[in-house]
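The same chain A turns up in both complexes below, where it pairs with chain B and then with chain C.
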Partner chain A sequence: MGNSITTAGYTFVVEESKEISGEDLGLLQEKLLQLNWGVQHPASGPMRLKVWVDGDEVVKVDPDIGYVLRLLEKLVEYRTWQNAIVNVERACFIDNFGTMTGYSIAAEKIAGVEVPKKADYVRTILCEGGRIVSHLIGLGSFVGVMGVHTPMQWALIAREKFLDAFEVYSGQRIATASIVPGGVRYEPTGKFIEKMVSAVDFLEKEFIPRYGEVFIDNPTLKVRSEGIGVVPKEKAVELGLAGPALRASGIPSDIRKDYPYAAYGELDFKVVTKEEGDCYARYLVIWEELIESAKIIRQAIEGFPEGEWRTKFPLKVPPGEAYVNVEWARGCFGFHLISDGGTGPYRLKMRAPSFANLWAMPELMKNIKLADVPVIFASLYMCHGDIDR
Partner chain B sequence: MLEEIREKLKSQFGLESESYDTNMLLVKCDRNQLRDLMRFLKENGFNYPHTVSVVDYTPKGEGFQANYVLENLNSKKFVMVRVSIPEEDLTVPTVSDIFPPLQPHEREAWEMFGVEFIGNPRLEVMLLPEWAEGWFPLRKSYDFKKHRKPSKEKK
Partner chain C sequence: MEAWIKAIFFPGFVFLLVVFLMIFYLERKILADVHLRTGPYYVGKWGILQTTADVFKLLQKEFIIQRRANKLLFSLIPFVAFLMVAALIAFIPFSEHSYIVSTSFDLLVVLALVTGMPPVFFYAGWASKSKYPFIGGLRVVNQMISGEIPLWLSALAAAVFYGTLNHLQIVQESSILGFIILLPAFLIFVTATLIVTDRPPFDIPEAEQEIVYGFLTEYGGFNYAILVLSKLIELFALYSIAVVLFLGGFKGPVLPGILWFFIKLAGLYLFTFVVRASTPRIRMDQLLRFCWKVLTPLALLNLAFIILVKMFIS
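Then we have the complex of A and B:
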């Protein structure tokens, strides 16, 4: 575990009731111990995992979520089309650009608004920036749960350069509210492009070689993560895994490629897949996507078109609906947006990839050792903001 | 691919379908047909479920609507299955045994809208706190302001 049990925030509770989540486990019940993994634990945000253990073996895992529920889907109904983005982007603070892009595309589809080409390119650059930022944290926390905290610090240094670029662009580092229906909110200045290029430079020339040398193909890391939490191809579909976890099982599902939005159709990149389907494969998918994303940003900056970055978006949108998927950092994020002809959304349903991964997790955590729980948890690459919404 | 499915739906179920988007088909069906239709779609390659999206149309007098979004991972096409649920009888048969990943999505729809998915093994509160069970906050009739904490009066 890296940390001792007490410092990792475990508490021991002796289960009093005879049944576990409605399932009678019979005689086994007598010797089971329920551990509470959370509510606050070092791997991620506020969430509680109820872990039933028999000695060192995990018998059953049941997630208890809802600690960061903000009911964003309801809040959006009280907003106008433009300022609903402040709720949409808060689905997850780490990569907020993907969610804003998805919502904006859905709103534009209903309203029949065509976005200028330059806005598409800015969106692409920002989305990939968000993906890099998110993947950096994902990489860092994956090694972090095993007790090594250096990679997280390295990742945060690289992340800082991207946050600087976002700050130059929108004035905010995290909740940028920069992509709106009808384009993007601010002019992409030369200073922003300059900052973005220097951030990508740092990532490609400093972070990737240094990190790759130490923490990729690392024998200790491989011992802990290879062959753990294996999901074969068919099972990944059956469990409904999403995003990097699905691609690590050998399924090339990437909305950017399958159904291009923004400027992805014009750029050249590859979909990273792995065949093994274990924790290490999921880690490598995140790693290689990071390298791909840096290339996408470079291409988008090279082919940056001239022109307007925003068109007029009507105050009232005609009745209609749209279902839009975007490839968010953590997987395919779906938006079911409905308009009734008013000044704001009538209903917005957000399909979160982390939610899908979370409920596939109990199936992965059967008959494993207790020490593998955090490894599998971190490899599924979930964010609590978008589990609860 | 979608044309094929459209013809099969017409011949086997007698259902009309329309294109929803360039890569998505919209099928409207009845509640009793839902399970057969979902099984049929699963056999025809639409084996990756995305979500269940419930929409409350009660202010317009149209009851509720449940939308099931399924994807075919090989041909990258989507199907949206739409079921209307009258306000007086908020029940719909579960599809969680056909598509296990949809079980938590149905559970969420139940706690937010009060639509009962008959046969779902686990309809318990998940995101809401336990004391808020039965509030159904995503319904249009839910009064947001009533549950707001009283703010301090401005001086």
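Then we have the complex of A and C:
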């Protein structure tokens, strides 16, 4: 027992403690009780947290992952450059556009292909659509772990509108396979733009006022999530948090701003940060990014250029390698792509933000109550598909 | 009508079952409305028979008892719980004539029976011999005991004000003035009811995301149905007591008494459902702090206030 993950310069060791034994469940004789918070649990998803509790106090938390391992990185090696996106997008089905964009940019870098401007804009629109879809589910599930299912239902209604737009664009609602090396796969028709605008309209005019009135500044929600799972600024960097969790600790790290890709360099948006670093701050970061993303989509649609939406991508790509970061909905997603001159990738390594957040979680879950475990878990905004890949 | 006919039909078992299927249906329908979805729709007109179908589904299910569970206690507890809460209904006057028994200690008996519930639910968790139910059982004891003190104190405020423990007499003596004076006691009583019956936002003993389903986790089929039913009846009984004590029971103009009783009850239920749809669950330590540092002192102060008022009125 005891997991140790050694990363460059930082050794992360969860301290050893003795295994619980005893026939009678160790309930009354032993002080500690090991709970399996997971695999078969209403709020865990396909992973397990071993939670040692002393009464209501959590002594130690130990994540156990690997239940949705699909070997996506290995599968990519058997695909061509174009159809590898099918595996890449399955890193997490909720926001698949971010991962496809990252892979495509990496492939284009190696091949030396310049993407038309229109493709960049379509990618931006789709990526932000994916971010909104993902953030909606993030908001819903964060309040959902406290026993209120209303936000999730409202969020799903708003999400449907975006899925409709994706369907008009690519024929698929979730696994769209629409961004390929060399541009985007389908022509962005007027109907798609129309659908996207109506989805954003619904989000801004109906969902955001309705949701903001009830579930932002909700006193009970604040009582539950303020001051829980606090990560100070330095600690957040040390732990390697990613995405909204990192920005909630006051670090304005956003790949879209720091190293612009697609059309983000030409658009005006702000990086949402919060200083508190607790669960509520992480929730608010997701909420404000949602509003920001809607604005980005509007800008991108206004400045939509004319021209081609896809260029020819060579069948064989010259040897080389590229590392590309994209700001995915749940954080910075890194792609290390290597070509050996063949018709498909030689090796792809995906650096997933949720995995980084997961291994920071036991640090956050010190000196908390059992009831805080799901709150912190949900506030870190992880996707199980992306943890295991 | 004979009392035993009443006990079987009108304010008795058959009536209870119908009312619960209806309340459960309404809860789902109203929650669905807040969620902006349709809710039960296919079974019967407007999905009105959906809950009946659900109950019959539960009745068909196999009895599953864990090998390590305490078999006798495990299978006995649901019926004990049901008996205890069903006894509550006997003391509630739904209208001038529809009550099963009326004694001079109505309120006392009801409160005593409610106070007897924590051990029953604790044993339900303990007899399962499983981790999550056990934690749920501990939580239910913790929570109900801290909720019952304000419940008693606020209910006794009404008893002190009207000078009787008999429900019928309380209803007959109730007035608008009484309602206004007892308003703080009413609010405390309703909050304490939510705590005692572990309704959201105080559904800590069965917090799904933390401890799966609390002490109900290992129950299935008929046993589960009975346990859930008894929890629902407990809420129904306590709300009925609230209507009797603070809202004037079956009194009201034009419409018949029983209808007034249910209109008042429906108001309370609507409040519960809306709270459920919008308020996140609070934590155990926060609840205990709230109960012992806010609710209990307030209830005590309120009792003192009622005694003061009583001194001047009489």
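Just so we're on the same page, the second predicted complex is superposed on the first by the 357 of 389 C-alpha atoms of A that agree within 3 Å, B and C clash if a C-alpha of one lies under 4 Å from a C-alpha of the other, contacts with A are read in each partner's own complex, and residues count from 1 in each chain.
We take it that contacts are C-beta pairs under 8 Å (C-beta built on N, C-alpha and C of every residue); 3 or more make two chains touch, one makes a residue touch a chain.
Everything numeric in this text was worked out from a predicted model, so none of it was measured.
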* To do: For A:Phe269, decide between first (touching chain B), second (touching chain C), both and neither.
  => neither
* Asked: Which holds for A:Trp359: it touches chain B only (first), chain C only (second), both, or neither?
  -> first
* Taking the superposition as given, does A:Phe202 touch the first partner, chain B, the second, chain C, both, or neither? -> neither
* To do: Once the structures are superposed on A, label A:Glu73 by its partner contacts, choosing first (chain B), second (chain C), both or neither.
  => first
* Asked: Just chain B (first), just chain C (second), both, or neither: which does A:Arg347 touch?
  -> first
* Does chain B (first) or chain C (second) touch A:Thr150, or do both, or does neither? -> second
* Contact residues common to both interfaces of chain A (with chain B and with chain C) -> none
* **Touching residues (chain side chain C, partner chain A) in the complex** => 34-37, 129-132, 134-135, 200-201, 203-204, 207-212, 276-286
* Given the complex with chain C, which residues does chain A contribute to the contact? -> 25, 27, 33, 35, 41-43, 56, 143-150, 153-154, 157, 214-215, 218, 220-221, 223-224, 369-374
* Asked: In the complex formed with chain B, which residues of chain A make contact?
  -> 21-22, 65-66, 69, 71, 73-74, 78, 109, 237-240, 251, 253, 258-259, 322-323, 325, 332, 334, 336, 338, 340, 347, 349, 351, 355-356, 358-360, 388-389
* Parts of chain B lying in touch with chain A, wherever the complex brings them together -> 20-21, 23-24, 47-51, 53-56, 60, 67, 69, 73, 76, 78, 80, 99-105, 121-122, 125-129, 137-138, 142, 144
